[in-house]
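The next block holds one structure in the form of structure tokens; read it before the comments.
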Amino acid sequence: MHYQPVTPEDKESMLQECGVAKLDDLLRGIPAKLFRPKLEMPEALSELEIQAFLRELGARNKTAQNMLSFLGGGSYDHFIPSAVSSITGRHEFYTAYTPYQPEASQGTLQAIFEFQSMIAELMGLDVSNASHYDGSTSLAEAALLALRQTGRRKILLSAAVHPHYREVLKTYLKGTLYTVEEFGFDGSGGYSREKFFDGLNEDIAGVIFQTPNFFGVLEDLEGIADAVHAVGALLILNVYPLSLGVVRSPGEWGADVAVGEGQSLGIPLQFGGPYLGLFATTRALVRRVPGRLAGLTEDNKGRRAFCLTLQAREQHIRREKAASNICTNQALCALAACVSMALLGKSGMKQVGELNRDRAVYLREKISELPGFKVDLNVPIFNEFVVGSAKPFTQIQSAMMAKGFFPGIGLGDFYEGRGHDFLVCVTETKTKEQLDRFVEALKQC
Amino acid sequence: MLISPDDRLIFEKSRPGRKGSGLPETRCLKDSAAAKLPEKFRRKQDLVFPEVSEPEVIRHYVNLSRKNFSIDTHFYPLGSCTMKYNPKLNEWAAALESFSAVHPMQPEETTQGFLEVFYNLEEALKAMTGMDRFTLQPAAGAHGELTGMMLVHAYHESRGDTKRRKVIVPDSSHGTNPATAALLGYEVVTIRSNAQGRVDMAELRKNLDAETACLMLTNPNTLGLFEVDIQEITRLVHEVGALLYYDGANLNALLGVVRPGDMGFDIVHLNLHKTFSTPHGGGGPGAGPVGVKAYLVPFLPQPLVEKQGAQYRFVTENKASIGRIKSFFGNSGILLRAYTYILTLGRAGIIKISDDAILNANYLKEKLKHVFPVAVDEPCMHEFVLTLKKAKDKGIHAGDVGKRLLDYGFHAPTVHFPLVVEDALMIEPTESESRETLDRFVEAMKQIAREVEETPDLVRGAPWTLPIGRPDEVRAARNPVLTYRDVVREKEKVCREGAPIA
Amino acid sequence: MSLPQELKYTKTHEWARRAGNRVTVGITDYAQKEISDVVFVELPKSNAPVTAGKPAAVVESVKAAFDIYAPVSGQVTAVNAELEKDPGLINQDAYGRGFLFEIEMSQPSDWDALLSAEGYEQALKQGAH
């Protein structure tokens, strides 16, 4: 086995040093009935055979590269600079352990610090942690923060938040004394102001909106932060990080906590994971932030030094009283995001936002001109919008896939009675020519 | 100087007008104003982001990487972390565009390759652990534990058994165990281990009752010792109607030796980034699949993967499911890596993992027990614990020895854990290390033991040869500087007040 | 180890100083040594009710967080605002400037249940922690 240096000769002399004749002599005490079970598994394949096998398996997948994909819905096909993988592929980064020994991990720690800085900037807030598993678990953690901070028991949740995220939140709160109340959206796809104010009262620990929401609509949150704070609750916003070069940030909306999915920052689609949960707060909440935090300090010679800090909050110290049970972040994904953001830089963040808007507004307009399809041109969007079709979406999807397109995500999978509506996402990766071809293909459906 | 002394942040290397990436310039809209967002949705706040070119970014992060220890550069005898070799074939597989460019919302017929990977991986995990079904959704070990506790809760609820408020945890357990239980509102009952660090059976009997929801255990325990009373433990736990949960952190000792399912565990979580070689990444991403016995399958998160003829399908039929614990399906890229690893090892290779891991650990223990005392002197499984309590009179702690090892080119072992051993050093060599590496590690430890006696200051002030010495963690916690803006603010404070903040 | 005789103590390492019906609370010299450098203190809110023997505050070091228990029941009348800027006061002057908060007692008999300095010393010898 080429991953293990121990040879039969090594084994013999090492066993001798241990004073035993065979390995199983070291395993006395294991009940005989349980010892050395038969493993029903295939035997090893050679590396050559595995490469052939995996290529064959991969060929059974279609991808956003061999299809023209307009899929969004929480996972986005963006341009990833080639330099990103050359950094995340550095052995010293991807095979490093968690930076509990700071002297041996300044690379990882400084990268996390820079990541935290960039995320806090994007969010318009003061503090960001080193990341969570994904946007949905970040959102659940934000809700837990609000519940603990206020001592209240209810979360008010917009039904226009991603369906998976709402499910995850409910799973996290199941079996606890905490409850979730949803408020609905109106015909335009934006949240219903009336329903929101109906649900807002002093029982609420935190209010959660997503913007742009699951339907791609940028939510009008004018006056919301004040209203939420007036009842003593926290405002939590779930946002699209790559939009924040042009779109109003959570801090500018008055949010206390901002969460989001960082996959759009230099992380490939990978069939849903590993992704990157973002979590940022105002300064006032810094001691309640779950997860890891990299801080800057000095070493014993006055040199700049990074270390994990505020660890007393973390599980491995507070045990039962931890702010959460997080034991890990998604460090390598955070590194990818950090490098990608550094490469985009100040001007690139703005430019990429504009390019997404440009493609989306253009495509939306073109689709609105097609008979058999309906689009609301008035709702503000970033890069996603809902299209209504005369025919059921399943039909549109079959026809379009046969022509090499993934036309979008059917809303019928998530919302009752929406079988004719689908969510179209277009990013900076599409050219005008591709968009025109897409529209032409839709026309033929 | 090989490691660059430049310790500037990327922000501090920024110059206006520099650009690092090649986005397209072309627009679709003739009138660019149409692309402008309505006023109230626009960002107004300045974005303080670096402006640097690609070569500057590359040099910056490559230089940072050189300040890191990693398994590909150093031996990491970290107990309970299983720092084994991360095979490059796994990385090759995950980088194939036919896997990395698949969108999670694609129709199933276009993702059959991935679905087959999930299905086959689950079959392999079942075979190795003796469990009946797995969910591949949890993103990490702690996440798997949370899932496991939710399953415990759902199970008891479904039987109308609402008095189960307590979860029992040995005092030698991993920190996440109690934290997870508390999150779900369970009362955590910590029971004392016996002198060998194993579950004290009398303590266990005393604490098991009709209010016990679950006992969380790892086997071998955090001292690397097999819980020889496991069958009795299982019997006692099930007798009171509670469930038995397996923390899979130490599975590297058991592959082909014993199966958790056969031992009687009801729920198992695995760490693919430990036992199954996926990289630690500097702190994630990992994956924590959870396996269960048949009577708990209805509660598993969904979707699950089934095979129907030649097709693989996602199935969401269980009405009693606890629901999703993460968006989409799990850390697919990590699952693919683990699957590749299992293909590479095969049945015989899987067994050899634990055999070599146990051999290496016992060999190392034999060589080290004369340098520092072993906490429990009996054959261990894949890890063992030394105690440094003797060094206390020299004012040296386990942590100091760990820091001095860095100077010798070894990452520190796990220090001050488990808490049941005074001044513990937990050592797990794994099967990836050669005998020569282990011998060199022993030599270094002997040297350090001598230093503890003769020149303790050398140990107390270590490390000496790394880019930084010990950071002032007290200052970091009292006055958290967590972003570049904080750095700027601190600098301004110094300028204004003329002295650094305590 | 410093142990002022005029104060009263708990097994959980709090000290209490009485003035009329007001009780000032802090942690003992033994405790601050065990905890080592304090980095942060989470104090109760003003006017918050506290119950004897139940957690009322949290003291954090780099490595751990420790619950501080109210020695008597009542209402919090003041908290030590200086600890926000300088949590190290607890280490420097545990019985003086490093106090944590003040309670207006609701049950003066709680005071009698507290340990004397000798009683606390005994408890330490018997391995309270």
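Per-chain numbering from 1; labels A, B and C assigned in written order.
The working rule: a contact is a pair of C-beta atoms (placed from the backbone, for glycine too) under 8 Å apart; a residue touches a chain by one contact, two chains touch by 3 or more.
These numbers come from a predicted model, not from an experiment.
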item: Neighbouring chains shared between subunit A and subunit C, ordered by label; value: B
item: Chain whose Cα centroid lies nearest the overall Cα centroid; value: B
item: Subunit A and subunit C: spacing of chain centres that average the CA atoms, whole Å; value: 43
item: Inter-chain centre distance, subunit A versus subunit B - centres from mean C-alpha coordinates, in Å; value: 19
item: Approximate Å spacing (C-alpha centroids) for the pair subunit B, subunit C; value: 37
item: Shared-contact residues (touching 2 or more other chains) in subunit B; value: 473, 476-477
item: Residues of subunit C engaged with two or more neighbouring chains; value: 39-40, 60, 62
item: Residues of subunit A whose C-beta touches two or more other chains; value: 310-312, 317-318, 321
item: Residues of subunit C that touch subunit A when the two form their complex; value: 39-40, 42, 58, 60-65, 67
item: In the complex, subunit C residues that touch subunit B; value: 37, 39-40, 60, 62, 86-88
item: In the complex with subunit C, residue positions of subunit B that touch it; value: 473-474, 476-478, 502
item: Contacting residues of subunit A [partner subunit C, same complex]; value: 287, 310-313, 317-318, 321
